[in-house]
Structure formats: C-alpha cells, structure tokens
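Two complexes are shown next, each including subunit A; its partner changes from subunit B in the first to subunit C in the second.
Right after this comes the complex of A and B.
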C-alpha cells in the first residue's frame, strides 16, 4: 500500500521537476502534460483517501521519513489535488503561448507536490523539506515575471518573511532532539522533556503563523499578489497559507500540552481574522482585498486549531480553498482581459462575462458567510468551539464574520454595477492606476469552467457539514461531536452576516460618490496596518545598519590589518631590494670594475714590441740594482 | 789590477751588447747584442772564479753550463728567426707585434 503513497508524491514532484527542466522546449505540450500530471495526482489522492496508505523510509540515524494519510491528510490531499487541477485548467488562459509555460507548470506541480508531502508527513524532517520546497517554489512563482523589478521585490519580501518564520521549524526540530524525541515524530513531540517542549512548540507556532500570514507576518500576502493569477489562486487556497493552519490543526495536542500555546494561537487567529478583515474592507484593488481576506479567513482556521476543533478548521479550510481559488481565478482573468484590478474600474465586470461572473458572485457570497453557503457552516462550527473556550473569542469571531460579509459585499457591489457608459475611459484610468499587464484576450472557457466548478464546491460543501448530515465528514476526520453549533448560534451568525452584508450594500453607493478624504485610520488599514513599514523599521533597517557597520569594521579593521601587513611587507621587500641592488650588487660590480681596470693597466706594457720589453727589463733591473745598492 | 781590468772588460762587453739589443732593429743584430751581453757575464764569472776561488771547480762548471745554455739559446733563436722569415718575410722586431696584450 505504501507504493500508492510514494506514487502520490512522486508524480507531481517528478513531473514538475521534468517540466521545470524542460523549460520552453515543450512549451506547446506543457499545459497538457501538467494537467495530466495534476489529474493523475488527483486520482491517486482519491485512492489514498480511500485506502489510507502509510509509508516510511530510513533517513538519518534513528530518524525515519514517515508519510501517512490519515483522516485530516486524506481531506487535504484531495483538496490540494483538486484545486491544483482546477487552477492548471485555468492557467493557459492567463499565460500566453509565448510565456515559459514549462517553467510555470513545473513550478506549480512542484509546489503542489511539496504541499502534499507537507500534509502527509508524520515526522519533522520530510515536513521541513517540503516546507522549504514550498517556500522556494512560491518565491519562484510570485516572481514568475521576473523582468519586472517590482514583482521580484514582492517575491523577495514574501520569501524572506516566510523564510524568517520557517527558522522556527529548525528550532523546533533542534528542541525536539534536545528534549529526547529522537524519532522527531510529530505525535511524539508532546513527550519532549522539560522546557524543550515549550521551545519546540514556540518554534512550530512561529513557523505556522508565518506561513499562514497571521498577524505579525501578514504583509507578505499583499506582495504575493504580484504573481500570476493562478499562482495567487493556488497559493491562497489549499496550499502555502493553508499549510500553517494545517500544521496547527495537526499539532493541537502539543499546543494544549504547553498550556500557553493554545490560547495564544486562538487569540492570534481571532485578532487576525478581525484586523485583516478591516484591512480587506479598506483595500481598493480586488486582488489586495482578496489577499487580506485570505489572511482573515485563515485566521478562523488558526482559531479553530487554538480551541481544538480540527473538523471545523478543516471544513473552513476546504470551503475557503474552493471559494478563494474561484475568486482569484476570476480576478486574474479580469486582470488579463480588462487590464486592471482596481475596484472602481471593474464595474460591470460580471456583466461582461456572465459565466465567469456567476462563478465570482457565488464565490463572493460564500466568502461573505451568508447562509446557507459553506463558509457560514464552517464558521459556525469554529465559533461554537470558540464559545466553549471563551466568550471573548466568540465575540471576536462574530465581529470578524461581520467584517467578512462587509468586504465580500464591497467586492461584489463594484463588479455587479451596470456597465459604465464611458467604460473605455474608465479602463485607461484603471490601467494608469495599477500599471497592470493588459492582454487583448478575453477570459476563455478554460477559465470559466474551473471557476464555476470551484464556486459550486464553495456553495455546496456546506451541506456536508450541516448538523444532521455531517456524520461522514466527522467520520473521516475523526473529530468528536462536542462542538456542534446550537440552532440559535447558527441563526445569530446568519443574522449578523446578513445584517453586515445589507449594511455594506446600503452604505457603498453613498460612500462611492463621497469625496475621497481618507482618514488616518482608513489609510492605516489600507496600508495593511503598516506592518511592512514596521517590520522594515524594527527588523530590516537595524539588520542592514548592523550589516553595514560590520562590513565597515571588516573593511577597516580586519581587512585593513591584512592590507597594512601586506603593504608593510612590500615596503620591507622594496627596501631589501634596494639594499641588495646598491649594496651587495654594487660591491660585486665595483670589484669587477676594479679588476677590469687593473687588467687594462696590466695590458698597457704588453705592446708586443721587443724593444720596449727590453727597455722595461732594463728599467726593472736598474730599479732592482738601485734598491740593492741603497738598502745594503 | 788584472781582476778589475777583466771586470771592466766584462762590463764593456755587457754594455755594448745592451746597447746593440736596445738600438738595433734587425732580429739577428739584437741576438748578436744579447750574445755580447752573455759573453760579458761569462767573462765576469770566469774572472770571479779565477781570482777569488781558483781552488773550487764549481765556477768552471757554471761557466760551461752558461756557454751551453748560450749555444742552445742561439740555436733556438736563429731557428725561430728563420721560421718567422719563411712564414711572413719578417726580419725586424717592429714588424712582429703579434704578442701585443
């Protein structure tokens, strides 16, 4: 049975790697091959969900790479494969035949494969590897149009932010090792001894919150919007942001065991759901609104993980994945065909493409949490669990649900306006505003179909979780019945959602024509609570300043010493060379010159003339004689 | 007085020979000057032997050796001169300055 599981992860990873390496060579075939691989993965995922395979392989000494499809994994594996398939169906419309489709489809498959490994991993090492692969491929996908510097910067921001949070996983692995959990098994982490359990839990929570774009880290999602539409659709629904929520759902026993982590996670999720919902309301660009809403909706999943409601969290994850991928695909298609994503410029977008528009409307209504759609049901589950924990959390969640209705209706209101008469002018305006890529193509059927399918899933998934009909899902997830929402709770949340939606619908036409004097609070919310600026001020700038100071120290002190040493050595060598040239060499040369001069003198008497020799002999003898005579 | 007279004769012979050796151009003439000088030396040696140590035969031996040396020297000198002349038609010293340093 383990062969099934190996195939499940090998198919997307292998096909993705092959497509990625082939690049443009198989550009024409890439969509077909990618789609085939995704569909195959979906089939394998369904089979794994039925047969629940388990596999493991030796990795390090005493640590095995374990993979298992249990209830939670089964649901997620199918969801990941389904959303990936739907997104890949829609992708050719977004990426023209002249783009590097091999790279795109390869990266998408790698990304989905990494997510599959993440949700099936039972030990930390494979989870960590897949987590990293997911981060790296998300970077490559967000920066897919790397000719544009702003997109590359966006990818870098997203990557560095999630990567910084990912360090928590390493910390957790190290703490687990130190705490005596040599197998690094996820379920065994609870057994870590002493303070190491707290360290491991803190690392895992930080990593999960970063990946899920929860509060201190939310701003990277705003930048992640710069990537192609299908990337956003995949990244924001069943993968990446869902990975953090999944990890927290999976590790609920550990959160509870530490005592402090579960409430912390629950409150972080709740506050994120509310705060990022407000941010979403303040956005003027469709994709930015959807991004902030993703963070907000994932907040409900994190809240569910914190209060110990895996089935509610999973249901929320599924419903949100379906709704959000449909919305992002539609937004991406509009950005391609209309050249803008500014809400005022998107008036009447729904009427222009009725099928696509119908999918968008259904998805947005589901996102608003209106009864009887899926997110309403899921949210009620989560809220019921939250109420059991603390009334404050319940109120927070209810407020966040109201805000969710507000931002969904805001998006809905704009796109369902009648077509403006001077829409050409409007287009130009919008284009100026966002400088988007304008394509001449309209959204094709290849985009509309998956959008409609996903939106239908978003609408009808709720049925599976209605109190009377939720038996099968709970059976799969293995969760208890203890948090089934009361009828009055469901009625209350429905009333809140409807009231908020109605208020937003009533208020929007009045605000749209009002002079645009944004208050400071509104600007703050529109700027994603200035989180990025804060991160830059608190972390990035000091880090760069420190790096610069260290670089200067290195240049001046460390490098300088080496340079001075070298320069001193050079000077010394030059002095020695001068001493050698002028002293030793000079002496040798002087001796040689003297010898040569002596030789020249010695040659002078040797005239070759016999008479002169005789004369010299006479002079010599005379001298000798006179010396003898004088000395004697 | 004979001793001094013979010494004067030897000095005269030597001086004449020296003058000839220094002043003559022709190789043959120079060699003749040298002969005279050696002759003067031989006369002086014989004089010393005869008047100062007539009992010892050593002086005679020295004189005979000197005479033999002179004969050999002359034979060599004339041979060189003849060879030089045959080779290059040279007969004066100024024409043969190959040994210039």
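Right after this comes the complex of A and C.
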C-alpha cells in the first residue's frame, strides 16, 4: 500500500518539477500536462482515501519520515487534489499562451504536492519540509509576474512573514528531541518531558497561526493577493492557509495536554474571525475583501481546533475551500476581463457573464453563512463546540458569523447592481487604481465550469454534516466529542446571519452614495489593523538599523582593530629597527670605541725610552710595596 | 589509492609546468578538467568500496621524520570522505568554469592543481604535521590566486591581509600541535595514536592552553567572529574560481579541524569550554547574518553568509560537547549536521560564487543596485542564482536544510537560549537573499553602464556545466540524504563518544 502513498506525492511533485524545468518549451502542452497530473493525483487521492496507505522512510539517525492517510488526512488529500484540479482547469483563461505556462503549472503542482505531504506527514521533518517548500513555491507564485516590483515585494513579505512563524516548527523539533521524543513523531509529542512539551507546543502553535494568517500575522495574506487569480484561489482555500488550521486540528491532544494552548488557540481563532471580518467589511477591493475573509473564516477552523471539534473544523475547512476557490476564480476572471477589482467598478459584473456570476453569487451566499448552505452548517457545529467551552467564545463566534454575512453581502451587492451607464468611465478608473493586467478576453467556459462546480460543492457540502446525515463524515474523521448543535442554536445562528445580511443589504445603497469620509477606525480596519506597519516599525526597521550599525562596526572596529594591530606591528618593527640601529648597534660600536681608547692608553707608556721605563718600574714597585705593607 | 587521489593533480601540475611553451592555453585548461574528472572518478571508487562501519579506511602509514614522531599517515573515515568528494566535485566545477579563462592560463591551472592536492591532502591527513603542511600550503596557493588573478589594485592588499591573518592563525595551530605532541610519550604527531592515548586527559591548564591555541588557529580559518574580517576583502577581490575554492574548500579546513582534531584529542577541555564555542558560533550566526543584510555588494554579502553558515557548525560542535541535559542521539545529530553543513556549504557557496563570477564577467560590478530585472536578459542565470539563493537560505529539498535542521534539533536540548538565537539566522538569511534576488533579478530591467551594448549574456554551456551539477548534488542530498548520512552518522557517533569519554 505504501507505493500508493509514494505515488500520491511523487506525481504532483515530479510532474511539477518537470514542468517547471521545461519553462516555455512546452508552453502549448503545459496546461494539458498539468491538468493531467492534477487529475491523476485526484485519482490517487481518492484511492488513498479508500485504502488508507501508510509509508515511511529513514531520514535522520533515529528519525523517520513518516506519511499516513488517516481519516482527517483522507478528507484533506481529496480536497487538495480536487481544488487543485478545478483551479488548473480555470488557469489557462488567466495565463495566456504568451505567459510562461510551464513555470506556472509546475509551481502550482509543486505547491499542491507540498500541501499533500503536509497533511499526510506523521513526523515533524517531512511536515516541516513540505511546510517550507509550500512557502517557497507560494513566493514564486505570488511573484509570478515579477516585472512588477510591488508584486515581488508582496511575495517577499509573505515569505518572510510565514518563515518567521515557521521557525516555531524548528523550535518544536528541537524541543521534541530534547524532551525525549527521539522519533519526532507528531502523536508522541504529548509525551515530551518537562517543560519541553510546552516549548514544542508553543512552536507549533506559532507556526500554525502564521501559516493560517491568524492574528497577529494576518497581513501577509493581503499581499498574497498580488499573485494571479488561480494562485489566490488555491492558496486561500484548501492549501497554505488551511495547513495551519489543519495542523492545529490534528494536534488537539497536545494543545489540551499543555493546559494553556487550547484556550489560547480558541480565543485567537475567535478574535481573528471577528477582527478580520471587520477588516473585510472595510475593504473596497474585491480580492482584499476576500483575503481578509479568508483569515476570518480560517479563524473558525482554529477556534474549532482550540475547542476540540475536528469534524466541525474540517467541515468548515472543506466548505470554505469550495466557496473561496470559486469566489477567487471569479474575481480573477473579472480582473482579467474587466481590468479591475475595485468593488464600485465591478458593478454589474455578475450580469455580464451569467454562468460565472451565478457561481459567484452561490459562493458568496455560502460564505455569508446563510442557511441552509454548507458554511452555516459547519459554523453551527463549531459554535456548538465553542459554547460547550465558554459562552464568551460562543458570543464571539456568533458576532463573527454576523460580520461574515456583512462582508459577503457587501461583495454581492456591488457585483449584482444593474450595469452602470457610465461603465466605461468606471472601467478606466478602476484600471488606474489597481493597474490590473487587463486583457480583451472575456472569461471563458474554462473558468465558468470550475467556478460553478466549486460553488455547487460549497452549497451542498453542508448536507453531509446536517444532524442525522453526518454519520459517514464523522466515521471518516473518527472519534472526537459530538457537538451536534441544538435546534435553537441553529435557529439563532440562522437568524443572526439573515439579519446581518438583511441589514447590510439595506444599508449598502445608503452608504455607497454617502460622501467618502472614512473615520479613523474605518481607515484602521481598511489598513488591516496596521499590522504590517507595526511589524515594520517594531521588527523590520530596527533589524535593518541594527544590521547597518553592525556592518559599520564590523568595518571600523573589528576590521579596524586588526589593521591597527597590523599597523602596531609595523610601528613596533620600526621601533625595533631604530633600537637596533641606535641601541644594539650603538652599544656594539661604543664597546669597540672603548676598546680602541683603552688600546690608545695602553700604547702611551710604551715610549721606547729606558729612563721612562725605569721610572715606571719604580712607581710600580712602590705601589706593589705599599699594597703589600697595607694588606699585611 | 589515497596517495594517488591526493597527488594526481600535483603530477598533472608538474607535467604542465615542465611541458614546452608551445602547449596552448586551451590544452592546459582541458588537462585540468580531465585531471579533476579522473580524481573525482577515483573518489567515487573510494566511496563505493567504503564500509561506513569500518572506521578509518584506505590507510597508508610511512615514517617521514621518525626522530620527531612525524609520519606520512593518511586515511579516510565518514567525516573526511564526504569532504574529499565535495572537494573533488568543486574543483571539477571550477575547472569547467575556468575553461574560459584567458589570463596566464598555464600558471593559473598549475596553481589550482596544486591547491587541489593540498586540499585533498589536508582532509586525508592523519598526522598533525602533515595536516599543518597542507594547511599552510593552501594559504600560499590561495595568496597567489588572489594576488595574481584578482580584480585589480586592491587584490594584492587583500591577498596580503588574507595571507598574514590566516598565517598567524596557522602559527597558533602549530603551537597547539607541538603542545599536543609534547604531552604524549613517546612524542608523536600521529592523530590516531594521540586519540588512543588521550595524553592531555586531566591536565587542566595545559590542556586548556593547547585548546586555546588550536581554537584560535582553526577559528581564523573557519572563520568565526571576531576573526572573520579577512574574508570579505579576500572574496571581493578574488577571481570567481578562487572565491569558490576559498569558500567551498579552504573554510572547511578550519571547521574540519574542530571535529577531526580539537574534539577527539582534547575531550576534557572541549567539554569544559564547550560554552565558548557555542557562544562564538551563535554570535557568528546572528552577527554574520545581520552584517550580510546591510551589504550592498552581492559578493561581499555571500561572504558574510559564509560566516553565518560556519557559525552553525561551531554551535553544533560546541553543543556536542555539553553532556548535561542531552542524550547521545541529539549530540550525534548535531555533529552529523555539522559535517553535512560543511559539504552543503561547499556545494552551495561554491555555486553562488561561480555565479557571481558570471555577474562580474557580464556587468563588471558586484554592486546590487547596479542591476535590476536580470531575469529578462538571462533567464537561465537568474534561475540558477535563484535556486542557489533559496538553497542557501535553507529551503527544504536542498542540502542546507538537512544540515541546519539536524544542527538546530540536536543543539536545542543543551543550548536552548543559544540555539533559539541562532534560529533567527534562518530568518535574516531568508530576508537578505530575497532582497538580493528582488533587487538584481526581478522588477524592470536595468543594466550597469559598464555592461556591453549587446546586453547581458545568459549562462554559456561551460558555466552551466560548472554550476548546475553543484546545485544538483545539493538537491540530491536534500531529497535523499541517506547515502550521505549512512557514511557520516557512524563517524559522528564515534566523535561524540570520544568527546564524552
């Protein structure tokens, strides 16, 4: 069976790498090949979901790279493959024949393959590897149109932010090793000893929150929008952002074991759901609205992980993946055909392309959490689990659900307006604002079909989880507490969603014509709570300042010290040379001169005159005699 | 066999030096490439016949200066074999890259052949004096490469700085070696005998001073903060091939010295002063990364990332010396990571420096702000540099991750604070490589004024043949590391046991 699992990850990764390397060489064939690989992966994923294969290979000493398809990951691998296939069907519409399609389809497959490894990994190393490869491919995809510096900058921000959070995974791996979990097995982390369990858990939580764009990391998602539409559709639905929530759902036992992590995760998810929902309401660009809503909706999954409701969280993940990929594909198609994503300029977009529009409307209604669509069902389940933990969490979730209805209806209201008479003017205006890549092409059937299919899934997925029909799903996901929502809860949430949607619908036409004076709070929300500005001010700028200071220090002080030392050596050498010349050599010369003088003195008595010699002898004897007399 | 691997390049060097003047330059370059390929083939043969659990193999031991206990003793084990293989691969890549060299080709080729013998000889040496001789000769060879083929007026100053600084370090090393030998009875410089005898066990201050001498000598060559300042000017002024060898092979001599000599020969002092190495390593990681972030010169930036990458090695070997709070698995993981990091850094930084050579060849400058949007001129060059940059920042799937993951995972247990600080190096490295890619390769197209009117030529086949296999090897290690780890792990277990005794 393990061959099946290896094939499941080798097919997208291998095909992706091959397409990536081929570049433009097979440009005409790339979409077909990419789609074939994605479809093949989907087939393998279904087979894996049925047969539940398991595989592992030795990686490091005592650490294996383990992969397994269990209940939770079975659902995920199928979802990933399905969304990837649908998105790749839609991609040729946006990636024209003149684009580097080999690179695009190759990266998409690599990205999806990395997500597949992430969800099937049972030990930390393969999880971390796939997790970071996903980040790197997302960088390449967000910055796919690299001629534009702003897009590349956006890709950099996304990658650096998520990598900052990824460091948590490295920390978790080290902590697991230190805590005696030498196998680095995810399920064994609960058994890590001492404080290491807390460290490992903290690392994993940070990594997951970062990848899932939860507070305070959410801002990178706003930048991730700069990529092509299909990239957003894939990145914001079943992959990347879902990975963090999935990891937390999977690690619930560890979260509970630490005591503090489960409530922290739950509240972070709840607060993100509400706060980013408000951010979404404040956006004026469709893709930005959808991006903020992704953070908000993933917040419900994180909330589910915190309160221990894997089935609710997974259902939320699936329903959101379907709805959001449909919405992003439609938004991308409009951006391509209309050249804008500004909501006021998108008036009547639904009416231009009825099939695509229908898909968008269905997806948006599902996103609003309106009954009886899938996200309503999923949210109810999560909320029921939250209520079992804390009424505060429940209220938070309910408020977030109301906000979700608000932003979905905002998007819906604009795109369903009657076609404006002066739409040419709006059109140009929009182009100026976002400088979108405009093509004369309208959205083709290749985009409409997957949008409709995905939207249909978003509408009907909820059936699988309705009380009474949810048996099979729970069976697949296995165990966990049952948090079937009460009828009154469902009624309450339905009422809240409908009321919020109605209020938004009533209020929007009144606000749309109001003068555009945004309050400070509104500007703050529109700026994604100024998270990025804060991160830049608190982390990035000080880091750069420190780097420059250290570089100067390195040049002046460290290198300077070495050169001073060298110069000091030279000075010393010159001093020694001088000492040598004047000192040593001088001394030697002085000795020589002294000797010469002694010699000169010694020569003086030798005059050759006898009487002087006698005189000298007399003086000598007298001296000798006096010495003898004195000494005695 | 090992002697043949070691001295084959020197034979070719002598042959070329004696060959008549009429031998054209192109033949010289091809002789080099052929010799390097033959040497690599021999090393592959060694690897195939190598038994990972067999300890030291292919040994040859002949007396050299018997009165002083000096011998010609060579052999390879799991620590040195991967480095020998990496060295030969990197020299082959450099040879291919240098097929386009036009300046005084014969002496250039001879110098590199000489350097290859010296480098391989150092990694297989099992005698301290033999090690020292190769260690010093490598400085001589590199001095002439930088001074003779560098980028201009400042090359000679940089070469002189490089030589004097590292030579000072090697003198400290010699002092340490003599200290080691004097403690042994009978006096010997044989590495294996010294390991067996452990002559400095229990000699507190004396052993500490010997470790200090060895540590300073190796730290200068590695290099670590604060002994690293010779590195950036040497790299900036050296020709691309020289930089690749300097960073890829010569830096490893210092790091290799720690695991080959300092750890097994001075286990007691190593354990006692392990914290010093941990701190120096961590400071090198963070400081090197931050200073690299502030650079505006692409080659200088890569030079500083070398300090970061070498810092991880020091962190790992330091952590492996701390027994408290850790188990053998973690320590051996750290040492394995350190060895893999040496191989990985050799491959990746070698490739990066060769690619910066291409950059300088086309645009005449390393300044990052002189370029923009190079991807549209040279897509293959951009792709290769992009892959090398991502591999350098430790993205999984390449060898850097295999190394850094093991180092960090193995070191956290005993050195939680230091390792957590070192983690930030991963983030800063990511930021600086992405920034470099964005400035130079992406965005609107702009070339420096010095670039020829014909534009920026993409990688030519010989350049691609030099760089792509290095990246390919890093990829293979990153995806299927077992073939390498099977060789390294038994040896690193041995080292950790030796340190723990």
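Methods note: the second predicted complex is superposed on the first by the 557 of 632 C-alpha atoms of A that agree within 3 Å, B and C clash if a C-alpha of one lies under 4 Å from a C-alpha of the other, contacts with A are read in each partner's own complex, and residues count from 1 in each chain.
Please note the rule applied: contacts are C-beta pairs under 8 Å (C-beta built on N, C-alpha and C of every residue); 3 or more make two chains touch, one makes a residue touch a chain.
From a predicted model like this one, the values you see are computed outputs, not experimental measurements.
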Contacts of A:18 with subunit B and subunit C, given as first, second, both or neither: neither
First (subunit B), second (subunit C), both or neither touched by A:173: second
First (subunit B), second (subunit C), both or neither touched by A:608: first
Which of subunit B and subunit C A:618 touches, first, second, both or neither: first
More subunit A residues in contact - subunit B or subunit C: C
Partner chain in contact with A:132 - subunit B first, subunit C second, else both or neither: second
Contacts of A:61 with subunit B and subunit C, given as first, second, both or neither: second
Overlap of the subunit B and subunit C footprints on subunit A, listed as residue numbers: none
Residue ranges of subunit A in contact with subunit C within the complex: 23, 57-62, 125, 128-130, 132-133, 136, 139, 143, 146-149, 152-153, 156, 159-160, 163-164, 167, 170-171, 173-175, 177-178, 180, 182, 184, 199, 543-544, 546-548, 550-551, 554, 558-559, 562, 566
Subunit C - residues contacting subunit A, complex: 161, 164-165, 225-226, 228-230, 287, 290-291, 293-295, 325-327, 329-330, 332-333, 336, 373, 375-376, 379, 390, 395-397, 401, 405-406, 408-414, 416, 419-420, 423-424, 426-428, 430-431, 434-435, 438, 441-444, 481-482, 485, 489, 493
Contacting residues of subunit A [partner subunit B, same complex]: 602-611, 614-615, 618
In the complex, subunit B residues that touch subunit A: 18, 21-22, 30, 93-94, 96-101
